[in-house]
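Which chain is which? They are A, B, C and D, in the order written, and residues in each are numbered from 1.
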Amino acid sequence: MPASGRVLLAYSGGLDTSCILAWLIEEGYEVYAFMGDVGQEEDFVAAEKKALAVGAKKFFLEDLKKEFVTELIYPAVQANCIYENVYLLGTSLARPVIARGMIEVAAREGCDYVSHGCTGKGNDQVRFELAFYGLKPDIKVVAPWRIPEFYNRFPGRQALIAYASEKEIPVAQTTAKPWSTDENLFHISYEAGILEDPNTTPPTDMWKLTVSPEEAPSTPERITIEFKQGLPVKVTVPDDNNKVYTDGVEIFLTLNTLARKHGIGRIDIVENRFIGVKSRGCYESPGATILRVAHIDLEGLTLDRNVRALRDQFTTVELSRILYNGHFFTPEREFVMASIPSSQRTVNGLVRLKLYKGNVIVEGRESSEGLYDEQQSSMDELGGFEPTDTTGFIQIESIRIKKWAQANIRKQQAGVTAKDVYGSKA
Amino acid sequence: MPASGRVLLAYSGGLDTSCILAWLIEEGYEVYAFMGDVGQEEDFVAAEKKALAVGAKKFFLEDLKKEFVTELIYPAVQANCIYENVYLLGTSLARPVIARGMIEVAAREGCDYVSHGCTGKGNDQVRFELAFYGLKPDIKVVAPWRIPEFYNRFPGRQALIAYASEKEIPVAQTTAKPWSTDENLFHISYEAGILEDPNTTPPTDMWKLTVSPEEAPSTPERITIEFKQGLPVKVTVPDDNNKVYTDGVEIFLTLNTLARKHGIGRIDIVENRFIGVKSRGCYESPGATILRVAHIDLEGLTLDRNVRALRDQFTTVELSRILYNGHFFTPEREFVMASIPSSQRTVNGLVRLKLYKGNVIVEGRESSEGLYDEQQSSMDELGGFEPTDTTGFIQIESIRIKKWAQANIRKQQAGVTAKDVYGSKA
Amino acid sequence: MPASGRVLLAYSGGLDTSCILAWLIEEGYEVYAFMGDVGQEEDFVAAEKKALAVGAKKFFLEDLKKEFVTELIYPAVQANCIYENVYLLGTSLARPVIARGMIEVAAREGCDYVSHGCTGKGNDQVRFELAFYGLKPDIKVVAPWRIPEFYNRFPGRQALIAYASEKEIPVAQTTAKPWSTDENLFHISYEAGILEDPNTTPPTDMWKLTVSPEEAPSTPERITIEFKQGLPVKVTVPDDNNKVYTDGVEIFLTLNTLARKHGIGRIDIVENRFIGVKSRGCYESPGATILRVAHIDLEGLTLDRNVRALRDQFTTVELSRILYNGHFFTPEREFVMASIPSSQRTVNGLVRLKLYKGNVIVEGRESSEGLYDEQQSSMDELGGFEPTDTTGFIQIESIRIKKWAQANIRKQQAGVTAKDVYGSKA
Amino acid sequence: MPASGRVLLAYSGGLDTSCILAWLIEEGYEVYAFMGDVGQEEDFVAAEKKALAVGAKKFFLEDLKKEFVTELIYPAVQANCIYENVYLLGTSLARPVIARGMIEVAAREGCDYVSHGCTGKGNDQVRFELAFYGLKPDIKVVAPWRIPEFYNRFPGRQALIAYASEKEIPVAQTTAKPWSTDENLFHISYEAGILEDPNTTPPTDMWKLTVSPEEAPSTPERITIEFKQGLPVKVTVPDDNNKVYTDGVEIFLTLNTLARKHGIGRIDIVENRFIGVKSRGCYESPGATILRVAHIDLEGLTLDRNVRALRDQFTTVELSRILYNGHFFTPEREFVMASIPSSQRTVNGLVRLKLYKGNVIVEGRESSEGLYDEQQSSMDELGGFEPTDTTGFIQIESIRIKKWAQANIRKQQAGVTAKDVYGSKA
């Protein structure tokens, strides 16, 4: 017996979600198709035509690029977000804006259900659904790749192709690339297929956004990025007639263009998915990689040491985890993000960079914030405090250490073994 | 009235410590000179001759390279130690072994005092002295650059040169380089002088250990590093007739050689010294940079997710801080380092790398540890668990989030403003 | 069609698990019954008789008290484990030893399945099953309260009673207490039933282990607890003829007796279950409450400040979370517990306590560890360091703070509003 | 040669600061005396008379009680601040308002210097001076107890009494109590003197603010505290004709009165001072102890689990450390406190308490925030989610754990010893 009700499907235009669209109709749903434009390279017109051809009653395309950059990417830049030391979270960052776009359309258009084509083993199903529930706790979710009737019927690509053929769904490529991708203006990800062997080097032609460092220009290019409160507000490219960019989205896209040209931002890792499975992923995050280097560098010049250390341990770690695990629409995300503004108030100034064959090299930085003081810092002159003060500082710092050393020496003199005094250290 | 007693001076062979040697004698001390060989490029024979010529009663050269690598560098590699996201702690790592070498000689040779030539504004004075006190709490320290009689008498390099001339101390260079360096087998640091303007790009000829990426070979070179329990145990260089290195120190030196050749390991930062002063430093840490990339990558494949996250937040952060601040011979260092072995038990396997013009690119990794499971990870097949389980997982994960969303919606329906429900988010 | 295979059931002797036993037989399983003696007050002989009468093929009673105390309780005492500031984790601590006991019997006796009577909303199902899987990843679990055929058939207590009557299972009480309990030698918990209204004060006669403070003796009683490496090794009761206890289990039981008498260890909280549901629980943890006070006090005297702070933030927090969430047989538990010994090496000495009507009052403590130094600590005499050193310490500590204050003042002088300088602070 | 300039002295009316006042005049300073009223029991009129008699040119008494409660105490309550598990930070909390009061007077009255009577070994000198520098970085501090001319001249109490006699300063008591105290409306501290032996039980007559539990009424008293956004806004005392208090300061004072009567809030600890010295302190924090119990309890009912856990690890720990170490006027304090509002938005409701002989017993709590859901929490009925969902949750949670267990079993089957598989666990 068919289900009934209206479902909003996150549609990509590809084989999977087209088959899901057809299958949902078969199951008795009225299907509306949704696409969020987060900067992926996509023929949205063709996708719309296809969705409607397969049977969608309506098609919605939402331009989410600006909110993606300003509400997700820029806070992540301010907080230096990174997952497991390496991954800049490009897919995670796009999910909240797509989910919010869907829930807004679903509410407006009276959809009782939302649906997506994420697999049952990945992170994105979790990110989407936790976002749906955090925004609209009574929404119902149809996740076909976790419904036995669906996944048993379509055990592999061939079954989907057969079904597409049966439903007269046009299939773009008969032979798909042997990996999956997710793309937005921040990054592209590659996973699955041949990449599942973590010892397989990605083929040269897999990488889409960036040239390889080997193929990048042999002449370095210099740029200057100016930050206000931790956000990039101006990018200057001296070699391009001192061209200047000041709009938030434009800045990001410019950095993308420069990074792509210079082979910047590729990574290849084995990461830990939220559900506890290890997974191999390759990513290109070109502009974000430049921004990260510049932002961290400027913080060295302008951010108080203790704020920086606390922010690194709290905001950076927790916001990264929250983003990766799809906990964006939660009280803990609000709690953690509340700490960002007070950490970025002094992060004002500019950083000069050299881009060259995969490298982002800091060549200098300046700021009118007064936390760096050449004279005080100087090894060559007095300034700021008396050298004798340091003697007092060291004496006080050593009180606790001396006491501990004295106690240990006393114990050893009393015949206690070094092992019992110091533990495993003989 | 002169002081009396025997002092062991950390001697470098340079202008500063030679003048300090002479001055200590003038002050009435009997001076023994100490050099620790931590891999710096130095003419130790000439330094010994000079120390004795200036008036040292004895000269001690201790080879500390092996303990430097095995007791300091390798734990730091296992724990992925890094300071303020960028600095690999090369100077900090050498200080404990030098300090311990000095205290051993001081105890054996009956020295009541130890002395060093560190300035009164830097980190090294603190690192040395806290190490001295942690090893021998009753040792007395003479720090001339914090003694007004000394620093007022020698307000600049010219005064030192004049004093050297008076004392017939040979001065190697009449014009010093406009920066200071500290070198060991892990790294070299550059600071002070012209570098004190954080917007001054370091001159090309400053960098000593590595070629620039621009000058590095245009042909990539591939290597394989094998780890056991988080430590490198074998490096293979296929392009060099599959040459293999297995000795701990040799592995490190080989990686240094390769990284130097390929322009790997330069950084330029503004950092926060322990005493709270911001300071600009440039560093080359060639081999260590390769090891860090490889070790972190292998942990992706072989280390449990939760152990990794806890280790990152605890061991990595705290050990890095401890090392930077010179708290090596303390109870907290023992406490933190006790966590390393259980975090590295499964970090076994090998990483394949490509070195190219400043880049360290992971090309693959493998391990017989079973935490990565291709079938389970696969997006293309079932395996390891049922997709329907994930539905339950997401439902349970969303309990808390739905409750919170429901409460917020109820509040807004009751007329509470969005600002009061969500805080600053309108 | 009945299932087949042998199942080991965690049996309590009560209505639920007796019905589960009968139901498992009905489902086609061969059932072995398991009881772990973790110090709960229970008629094990009667339970065995009942289990066999209901149809269990075999009955196993394992005395787990010693390993419960030494492997679970004592590490938790050393690490000051506590959940959400209040709960001492008594149920969580017993689960790993019971689960391990079951897995050992299951392996020995060739059981393919293990089963338990935990509900589908609580923590214990998670704790049991994650422990099972961490010890024997291929074990199969039968959790009737999560199987629709079972929970739909037995929607409430009446249905169970009817089934018991049908199966000739003797039911001890026709009217159960309006709450559930879990008891072991560490504590008893009360939850569910009338306690589900968090504003209902627990009835006086609910509390089983302790007298109320009001009913406790009006004469205080004094005891001394001696610790070695953070573990209690001797309890002396002066008022009881200086009676002395030195055996690990005996010490714990003695403290229980004393605390029960003096009304110590009751709490009443709303806590957050692992699955994200808030839940009201009342607990009595008598002896553990005394031990916690004494151990924390002795650490003040004997534990280095920095070790203590790091241990509090890492070991205490993480081990508590691990225990509560049932992650005992995991790599992260091994990682976290590896830090305990080096944190407790100096926690040697004794604490004198007064017990009085719910209060555990520290009256004094002593230790031969030398970290406390009366002369150095004294406000009335010099000792240990020069007061002038502190001036240097404060000057150095203030470098960073002064720089920041100067920058703020300069900004305000330049016309920046206080709000933009300091954030929300006007 | 006398110094010159105007100094504002933190004056207490006691022997020490009276002698310091006289000595500063002797040294050539013009002295203004400052007293901050933070709720200590003090005869301010007599103190003013005395200060002027000794030679102060002006006397300033600032009523700082309201800002003490609202700007310091209440944020600390919201953040559950505590130092080393036990100490509620009463002295630390008062220092910032006193220091700020002084700096305001110093700026207004043209004082170049501020001075205080804190010893050279304690925390308060650091707290005062870092606050001075954080507010007015160019202020100059005169700390006589760290000036050799002063502390060598007055090596003990007798020397001060002799000097007072010489200067005709009236000395209240010829025999001082054998300990020092610091009092404000939050607490009183006792340290030094006979308390320096950590095994000396404080004499019964030392405690000033509270009766002992033994002497407290044998009839319990009940109260209700209502919170809005984590702050107490209403206290009701049913036994006192349902008397109601709603003013912030009045609420705090009422809780003080009740707690004092019922023997609540005494502690006795060995703590670690900021300078690294261990020190014994006894404290009475009556009202604060009640507030802490109530606030933590209400958070159980109303605060999201993850926000609570993050807040505990970040805000609570770091703000406590910041307060204790005197880092209030710093960027890190602003950073940490910025996280409080978003953690307290839902902490609305009331807590019912029973006060009895040192005990603060929670008898119930309620809130209209909807995070607690009786039906969902209930063990006796379905609600909120399907029990089968939990099966999925546990399966997914166990993926990582099973993989690890399988790997370990495989290793042991391959002959690896348990020790090498699991570390120290045999």
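Everything that follows uses one rule, which is that a contact is a pair of C-beta atoms (placed from the backbone, for glycine too) under 8 Å apart; a residue touches a chain by one contact, two chains touch by 3 or more.
Which protein is which chain? UniProt says A, B, C, D = Argininosuccinate synthase.
This one's a predicted model, so the numbers in the text were calculated from it and none came from an experiment.
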Length of the shortest touching-chain route, chain A (Argininosuccinate synthase) through to chain C (Argininosuccinate synthase): 1
Which of C-D and A-D has more C-beta pairs touching across its chains: C-D
Inter-centroid spacing, chain D (Argininosuccinate synthase) versus chain A (Argininosuccinate synthase) (mean Cα positions, whole Å): 41
Inter-centroid spacing, chain D (Argininosuccinate synthase) versus chain C (Argininosuccinate synthase) (mean Cα positions, whole Å): 29
Residues of chain B (Argininosuccinate synthase) whose C-beta touches two or more other chains: 272, 275-277, 304-306, 313, 327, 330-331, 334, 338, 341-342, 346, 371, 373, 376, 384, 386, 388, 390-391, 393, 396-397, 399-401, 403-404, 406, 423
Interface residues, chain B (Argininosuccinate synthase) side, partner chain D (Argininosuccinate synthase) - complex: 304-306, 341-342, 345-346, 369-371, 373, 376, 384-386, 388-393, 395-397, 399-400, 403-404, 406-407, 410, 420-421, 423
Chain D (Argininosuccinate synthase) residues within the chain A (Argininosuccinate synthase) interface of the complex: 272, 275-277, 304, 306-307, 310-311, 313-314, 318, 327, 330-332, 334-336, 338-339, 341-343, 346, 396-397, 399-401, 403
In the complex, chain C (Argininosuccinate synthase) residues that touch chain D (Argininosuccinate synthase): 80, 84-86, 119-122, 125-126, 129-130, 133-137, 143, 145-148, 151, 156-157, 180, 191-193, 196-201, 213-214, 218, 220, 266, 268-272, 275-280, 296-297, 300-301, 305, 308-309, 312-313, 317, 321, 327, 329-331, 334, 338, 352, 356-359, 361-366, 371-374, 376-380, 382, 384, 387-388, 390-391, 393-394, 397-398, 400-406, 409, 422-425
